[in-house]
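The data blocks that follow each hold one structure.
Next come two complexes built around chain A: one with chain B, the other with chain C.
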Partner chain A sequence: MKLAYEISHLLAGVMLVVSFALLYQQRIAAVLNAFAAQSITLALAVAWAAWSEDRPDLFITATIAFLLKGIVIPVALHRTVTRLGVHREVEKVVGVGMALLVGLALCGLSQALVVKIAPVAAGLARDELALAMAIVLLGFLMMIVRRNAVTQVVGFMSMENGLILAATGAQGMPLVVEVSVAFSVLIALFVFAVFVFRIRERFDTIDIEALDRMRGDRR
Partner chain B sequence: MIEAYQAVVLVPYAAALVLAAVPGYRVGAIGNVIASAAAFAAGLWLMLGPPTVGSYAIVDEFNVLFVAINTLVGFTTALFSASYIGHEIETGRLSPGFLRFYHAMFQAMMGSMNLALVANNIGLMWVGLELATLITVVMVGLYRTPQAIEAAWKYFILASVGISLAFFGTILVYLAGQPVLGEGLQSMTWSLLQATAVRMDPALLDLAFIFLLIGYGTKVGLAPLHAWLPDAHAEGPTPISAVLSGLLLNVALYALLRFKMLMAGQPAALDPGPIMVVMGLVSLIFAAFMLYQRRDIKRFFAYSSIEHMGLMVFAFGMGGPLANFAGLLHMAMHSLTKSSIFFAVGHVAQAKGTQRFAEIRGLSVSHPRLAVALALAVLAIAGLPPFGVFTSEFLILTTTFARQPWLALLPAFGLLVGFGALLLRLQDTIFGEPVGPAHRVDASSVPMVLHLMLVLAAGLYLPPALVIWFRRAAELLG
Partner chain C sequence: MTPAIVVQFLAQGAQMFLVLLIAPLAVGVTRRVKARLMRRQGAPLLQGYRDLAKLVRKESVLAESASWLFRTAPYLVFALTWVAAALVPSFASGLMFNWAADVVALVALLGAARALLALAGMDVGTSFGGIGSSREMMIATLAEPAMMLIVLTFAIAAGTTRLAGVADFFIAEPIAVRVSLALSLVALVIVALAENARIPVDNPVTHLELTMVHEAMVLEYSGRHLALIEAASMLKLTLYLSLLICLFVPFGMAPAAAGLGGWLIGTLAWSAKLLLGAALLGVWEVSIAKMRVFRLPDFLGVAFVFAFIAILLAYLSRGATV
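Now for the complex of A and B:
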């Protein structure tokens, strides 16, 4: 039991470290690689929970995380970015240093909030919860401080990785598999939005600022 | 034999499957009306039946009220849509294939909203609301103009963040329930959670509620999380604007209120009341001022929806039987009035071929009957007697005044500011010299008139049975 806990803790910790890595990347290709690494770590964490807690249905969630978010989506986004040819750099709203500082503060915040909660179920869920919340908040931060459409999608998906980690950590929570499928549909729609609507073709850029100019009110 | 609560969910979903297979948009539009009528009948059936609590579904006075409004407005919107949407094909904004998709999605959205309303499981409720939101995102982008895609994208990003945060809150509620109720489905069953809330960890509930408030609050359109709402209303098809304002915002509010009831079960947890009062007031006053700067008629009324959702959240935040009663009544009146306004706006957009205020003038000369209907609807939403919105706003203000006299000044101020903007815009559009083209209007005015008559009737006389029903629902809210 102790070892099982240490390993799941380690994997969740790696995911958090990758969340920080997502914040300081300069190139979109690197952001996508970091995201793939995070998703594969998530798949490992979920698979470990499935094996050590004997919850075989979680293997489905792990497989979806690995195939869809670890491989298919990063590859698809890589190809989009290459095809567009421009905007290989990450466009920032605030600098790397500032983003990392805010990220640290968010980690502290999630720890401080979770500490107030009475220890439930031998304290296992509590630490996982703090890590998962930090990953969710960092994903949120990434959506705010990076304004390119691709990096926003990655920020959202990283947020979702944190959610699935939290749902896995909640002992015996039903619907985890269903929800991970629903979320995958959501992501597919996101990628669909980037691909099929081909924002680039209409606006010549995937910078969200350009979209802002299209607001009907400013016609 | 299926139960009424199953019918309100299954009828629209089945209709969605059928409509997706029906070629020909005229048949699809008629099928859409028939399916919505059937769902409305199921809603009425649910209303007459006894309250039930099952492992997946819950039926009490509180959510039956929402289902009744949902299915009624769904039905009238389908009627409006059937007469309206043909015009979009004539003008080439939509192709018949997209219209087939539109009808199927309309029913799927109604089914998902009803699912969120009758679900007795916090996970299922989340799934219903998420599905309904995703479908509206697709509908908002239906015209595929750059503006529509921008609106859909923004809605998508903000709604997904809302969805994620609400889901995190749901996980936290499960974690709070798990030590009390044990692992598994029962710790997500709403009725069991509420019954045992007093034994849950207050700190965990606090944390959960903050996430749920931000998550579902995004959907309600509370400032400062409202940014998606005006664009989504303006760029999608008009029937969808009516459903967004009249129904989807309500369903999100419903989810929020369910969790407020849960919080009330644990006295040691934080009181959601003051937070909701503040968020409601900020939305109300902010939206009232924003009304003055709008140049697009649908964006204008979208901000008016933010204003009214703010007022409702304020009323529910005040709490107590009378304020809850007023809040629920206001919700019903707002749904009916705002959807009738969007129907009227649909007419105006067809007549003038634009949504810009600058190009909509002198309706009383070019389209006198439409001008009268629009004027009545706008006066109703502005809160003038004898319409039902006046009754509910008056109740909210008087009950606030009786308890916290100074606090009542703020919503009254916000409403007055909004009132000024509404009258100003109304005067510009109705009177003066007509400008621009004046096309024939094909859309049916029956749904619009029906809604206005209901709102007028509610303002003049509320039947005692209805009052008792609203009162019971308000008592459930605590």
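Now for the complex of A and C:
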């Protein structure tokens, strides 16, 4: 029991660290690799929960996470990036240091929230919930501080990773919901990809700042 | 005065001189490993002792504008660093002055030494000294908060900030996967590299004007003053290696009640681990390039982030077990 708890704690902690790596990385290719690492860690965490708590349906979740988000989506994004010809630096709204500090504040916030709302007896699930919530918030933060459309997609996906982790730690979401979420994420990827190409065609850049002009509140 | 107290006193004294004796050897091992990996012959292992002996014999040249601070700073820096290095438990955890070996006290001692050195760097009024001092202070302001967070992580885990207590706790505890400790190990290694002016942060072997930090600060020193400062930086390296050993691999350290035999085993284990750590440092240094000074806040920021996550996780898992 103790070991099972420690390993799930370790994997969730690794996911949190990778979330920070996503915020820290400067280049798009590195961001995509970090995202793949996070998804694979998620798959491991879910598989460990399935094995140690004897919930075989979670193995399906783990497989979906591994295949779809660990391999298919990163590879697709890598190819998108190559076709767009942007593998240089990621445009950012604020500096790395600032983003990391805000990220730390979000971690503290999620912990404070979870300590408030969950009873102490919930022990194991509570830890996972705090970490998962921090990962979700960091995904949000990534979507806010990065102006590049591809990294925004990554922020969205990493948020979804956090959600799955939370669902695993709690009673677990029904498999139907799980599968439909996975596929809606995949469809979201396609929509994003189409949008990215359309944005590029229209504005010659995938810096979403360019979209502001469409609203007419610049200039 | 009972004989037990005398023995305790002697053991503490032995530790004090042990760190002083082994410090130049540790630096020698690092340099030798680096040289060998670069396919150079490298200086002999005992070169550190010879350098110190040579510097002590030489005349010390003072700048005309040097004040009393410039002359006294080396002695104080050496004394503070030596005290700090002697406090870290090396071969036994139950020595006489272990009650003083508090991590917060260590950070304070090293901080005082650094402040003195930075003042001395600016004392003569050369521009290099000023640059060195300002950069050293920048690094210190980034590294020290991370260090304090690491200390607090251990305080949460072991229930004390006394190093001997922490070491005893981890010797007694069964080996376990603890993500908070792994994170604080990474953070502490980054802090140690920064504090010892090692490669991704500063290059200890060059006197290249634009990049040096520590060397720029002590550029005006010569003779016995330089010997003291060199010895202090060697001691500091030994201190951090010893701290890493004490916190993360304390196995083999003699418990409080051990006799002479336990101490002997402890000394052997500690020396072996220390020299292994120094060799690893050499491998690390040849395999990585120095960072630009303006990238340093990001690098040290990583240490801070890791230490913060570590403390968060430590707090969480404590809440779960209570």
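Following the convention adopted for this analysis, the second predicted complex is superposed on the first by the 181 of 219 C-alpha atoms of A that agree within 3 Å, B and C clash if a C-alpha of one lies under 4 Å from a C-alpha of the other, contacts with A are read in each partner's own complex, and residues count from 1 in each chain.
FYI, contacts are C-beta pairs under 8 Å (C-beta built on N, C-alpha and C of every residue); 3 or more make two chains touch, one makes a residue touch a chain.
Just so we're clear, the structure is a prediction, and the values are computed from it rather than from any experiment.
Residue contacts after overlaying the shared chain place A:D127 against chain C, while chain B stays out of touching range.
After overlaying the two complexes on the shared chain, residue contacts for A:L113 are found with chain B alone; chain C is out of touch. In the superposition on chain A, A:I64 contacts neither chain B nor chain C. In the superposition on chain A, A:V18 contacts neither chain B nor chain C.
Contact with chain C, but none with chain B, is seen for A:L100 once the two complexes are overlaid on the shared chain. Of the two partner chains placed around the shared chain by superposition, chain B is the only one that A:A166 touches, whereas chain C remains out of contact. Contacts of A:V136 after superposition on the shared chain: chain B is touched, whereas chain C is not. More residues of chain A lie in touch with B than with the remaining chain of the pair chain B and chain C. Legend: residue contacts after superposition of the two complexes on their common chain; A:I7 is shown touching chain C, with no touch to chain B.
Across the two superposed structures, the residue set of chain A contacted by chain B and also by chain C is 120. The touching residues of chain C, when paired with chain A in their complex, are 176-180, 182-183, 297-298, 301-302, 304-306, 308-309, 312-313, 315-317, 319-322.
On the chain B side of its complex with chain A, the touching residues are 123-124, 127, 130, 134, 137-138, 141, 144, 146-147, 149-154, 156-157, 160-161, 163-165, 167-168, 171-172, 174-175, 178-179, 183-185, 187-188, 201, 203-204, 207, 230-231, 234-235, 294-296, 299, 355-356. Chain A contributes residues 2-3, 5-7, 9-10, 13-14, 16-17, 20, 24, 96-97, 100, 103-104, 107-108, 111, 115, 120, 123-124, 126-127, 130-131 to its touches with chain C in the complex.
Of all residues in chain A, those touching chain B in their complex are 113-114, 116-118, 120-121, 125, 129, 133, 136, 140, 143, 149, 152, 156, 159-160, 162-163, 166-167, 170-175, 178-179, 182, 185-186, 189-190, 193, 197, 199, 202-203, 208, 211-212, 214-217, 219.
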